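Below you'll find a set of structures to go through.
What follows is a pair of complexes built around subunit A, which joins subunit B in one and subunit C in the other.
What follows is the complex of A and B.
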């Protein structure tokens, strides 16, 4: 099976217009304005997706689909968002009551309408018929979040099964309700869609999977380097490669203030990296590097720059090895600003020559949330394609 | 297909969110918001007589053929004005407030034409000038990010930044 940028664009458009239909049906049903924030085509391992569900304690409703296309759709909420949505649908109902049956059935109803609308668009595009199953509500902690997602993925010669996930971030009622609409098609169905959109110049899907593993390795190295430098025990929570309309890149961040560094890297590929901490994490980093000292702002900045340097080289060194190339890194520039505004100039610079971006994002954190570090890398699309070719099994 | 342009109906919640490469119009006293302007530019238009207001968030100065119009200052502002006119606004009365267009990083890709932020600000002035619309207030340039809220009732534009808090244009 091969994938190319053109079919990824088709995927992205279909997913976005499907999500807009789904958002529109919620607006009509519940009378609350619902927006599609970002649509991403993500490539990761099944366990990445499962970790995210577990980490965020997500409540979800699952609907399978089969026929012309096979796979699974999931509407996932944080428990707070689920509660607010139920309250908007049925004011006065206690969503946390012992059995919660009413809350459950209203979320199932929402999912049925939204996911049904989402799938219809894909069926129309492929001129086929797709049947959907009845919704299943999942909040059982003993249940693996993807246990019911029987969509088989594809392997990359390794142990980890990769899946292509279409993920739409939606929000309603002034950001009070946030949720994600996921679609996980089977490997065979991805093939069906790629075929329908033409696969000129396509690369084997395994090379995307190999790249995704390279990102994982880079994030793991960066996490180990941070731990070695600060003495704070960190792990990689999530690490993924996604394909996003360029304007969706800054929109995947909130306007919360972040501190960190931005760097340029050059080679094959070249691009930008931002390493961002929320403010408490930046404080923790600075004090662990300046133990027992009342550091002034300049010292704090240089501590953040130093950790940015370490993290970047940990993250990128493995790429250079895997791609048999050298990647040069510019000196880190300290930033302290609105998160989405930090990423905006990076995406805008690439927007001069590309409409979509491959966004790499990894989160490194401690178990107790004392410290969270987000790494965003935005490689130049054409150069990344070259790099992916290098990783093709035939290369 | 306009991937990120919302043909936003009157919002029941009274707030309309404008994404990146997006614009929206209000004729019913809603608040239009957009966040995360770095080198991007926010163009807030207001017709005091009809109360029709509009907000655009553009990424780059000039559109190429066949590109997504809301992404660019020239085509995005033109579309925004057309949509405002369709609900009763008049370019003779419309005034503009602009914010954003900063230069946060000194990228190697920036050539002699100046930063994207500076070029966005220049393109905004040229485009508005072409419609005979005056810029009555602005907070542009610098090296920091901004988020905006346009109050459609008064035409006030609230500009928020990380370091200096919120001020009203």
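What follows is the complex of A and C.
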């Protein structure tokens, strides 16, 4: 099966339009103005998706689909968002009450209508019929987050195999309710969609999977370097390769204040990388690198810049070696702002030459959540395509 | 025997860290923030060893190493870099680097690298 940037654009547009239909359904049903924040086509492992569900403590409603397309859709909410949604639908009902059958039933119905509308868009595009199953309510206390999702990946292996996930972040106009709409088609169904988009010169999907593994290896090296430097025992929580409209890139980050560095890399591929820490983590790092120097802010900033520099090298060196090329890195620029504001100028620069971006994001953290570092890389689309071509089995 | 070391890195933190690691073992005779300063200080201070960062503004470490080697073919330069790319290492060797340490580094590795280049010089 082959994938190309053109297929990914088609996927992204379809997913976005389906999500808009879903948002419209909710507006009609609950009277809550809802809009699609960002739509991403993500390549990751099933266990990455499950980790995210567990981390965010999401409750979800699952609906399977079969026929012209096979796979699963999932509507996932934070417990707070679920509660607010149920309250809007049926005031006075507690959505988090395990015995709250009415609450559960209302969430299932919302999902049924929203996800049904979402799948209809895909069926129309493919000029086929897609049947959907009855909705299943899943909370993390009773089931593994994706236990019911039989996500057949590209390699037909276990939880570490790669799956293509269509992810839409939707938000109510008053920001009170946020939810994610996932679609996980089977590998065969991805092939069906690619065929329908009439791609030529596409790349084997294994190239994307190989690149995704490179991202994970790079993040692991970066994690080891942080641990070696600071003595803080870190692990890679998640690594993802997403395809997202360029204007959606800043929205992929929260509005939390972050501190770290931004660097430009050049070669094949070229682009930008941001190594961002939440403020307590940045302070922890500076203190662990410079014990007893709490008052020397210039030196503390230099320490954060240097760890950003080393983390970037750890992340990118593996790419350069695997691609048998050289990737040059600029000196690190210190940044301290809300996450979306840090990424915005980088996306704006890339927007001069591309409409969509590959967004690579990895999270490194400690088991106790006292330290979190997010790595965001935005490679130039054309050059990443060249790199992916090099990774294809036929190369 | 203690050697005179010139520390070159654009990061004040890394220069400070290297000074701490070398304290009591070698004498840090100067610090430079970029390749241009490194060449100037090399001329002025004539150190036994230069620890040279690769990625720096104004002039990078590979260009500075090449220039120092053209001034003094016997100069001992150790690349101290976070860049672990094989091709970059080859560039550094071609520029005349006598050794390299990959960041994040530990004190024994730094001291060993200095001992190695001093021994090779002797």
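Operating definition for what follows: the second predicted complex is superposed on the first by the 382 of 395 C-alpha atoms of A that agree within 3 Å, B and C clash if a C-alpha of one lies under 4 Å from a C-alpha of the other, contacts with A are read in each partner's own complex, and residues count from 1 in each chain.
Rule of thumb we're sticking to: a residue touches a chain if its C-beta (ideal position, glycine included) is under 8 Å from a C-beta of that chain, and two chains touch if they have at least 3 such contacts.
Just so it is clear, the model here is predicted, and its values are computed rather than measured.
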Room on subunit A for both subunit B and subunit C (clash or fit): fit
First (subunit B), second (subunit C), both or neither touched by A:337: first
Vertex subunit A angle, Cα centres of subunit C and subunit B, expressed to the nearest 10 degrees: 90
Touching partner for A:290 - first (subunit B), second (subunit C), both, neither: second
First (subunit B), second (subunit C), both or neither touched by A:29: neither
Partner chain(s) touched by A:302 [first = subunit B, second = subunit C, both, neither]: second
Touched partner set for A:322, first subunit B, second subunit C, both or neither: neither
Partner chain(s) touched by A:123 [first = subunit B, second = subunit C, both, neither]: neither
Smallest separation of CA atoms, subunit C relative to subunit B, angstrom: 12
Where subunit A meets both subunit C and subunit B, residue numbers: 330
Residue numbers on subunit C that touch subunit A, as the complex places them: 10-14, 16-17, 55-57, 81-88, 91, 103-104
Subunit C partner contacts - residues on subunit A that touch it in the complex: 225, 228-229, 289-290, 298-299, 302-303, 305-306, 309-310, 312-314, 316-317, 320-321, 324-331
Touching residues (chain side subunit A, partner subunit B) in the complex: 12-13, 16-17, 31-33, 35, 37, 173-174, 245-248, 250-251, 253, 255, 257, 262, 264, 266, 330, 333, 335-349, 351-352, 355
For the subunit B and subunit A complex, residues of the former touching the latter: 1, 3-4, 6, 11-13, 15-17, 19-22, 35-40, 59-60, 67-68, 71, 102-109, 116-117, 144-147, 160-163
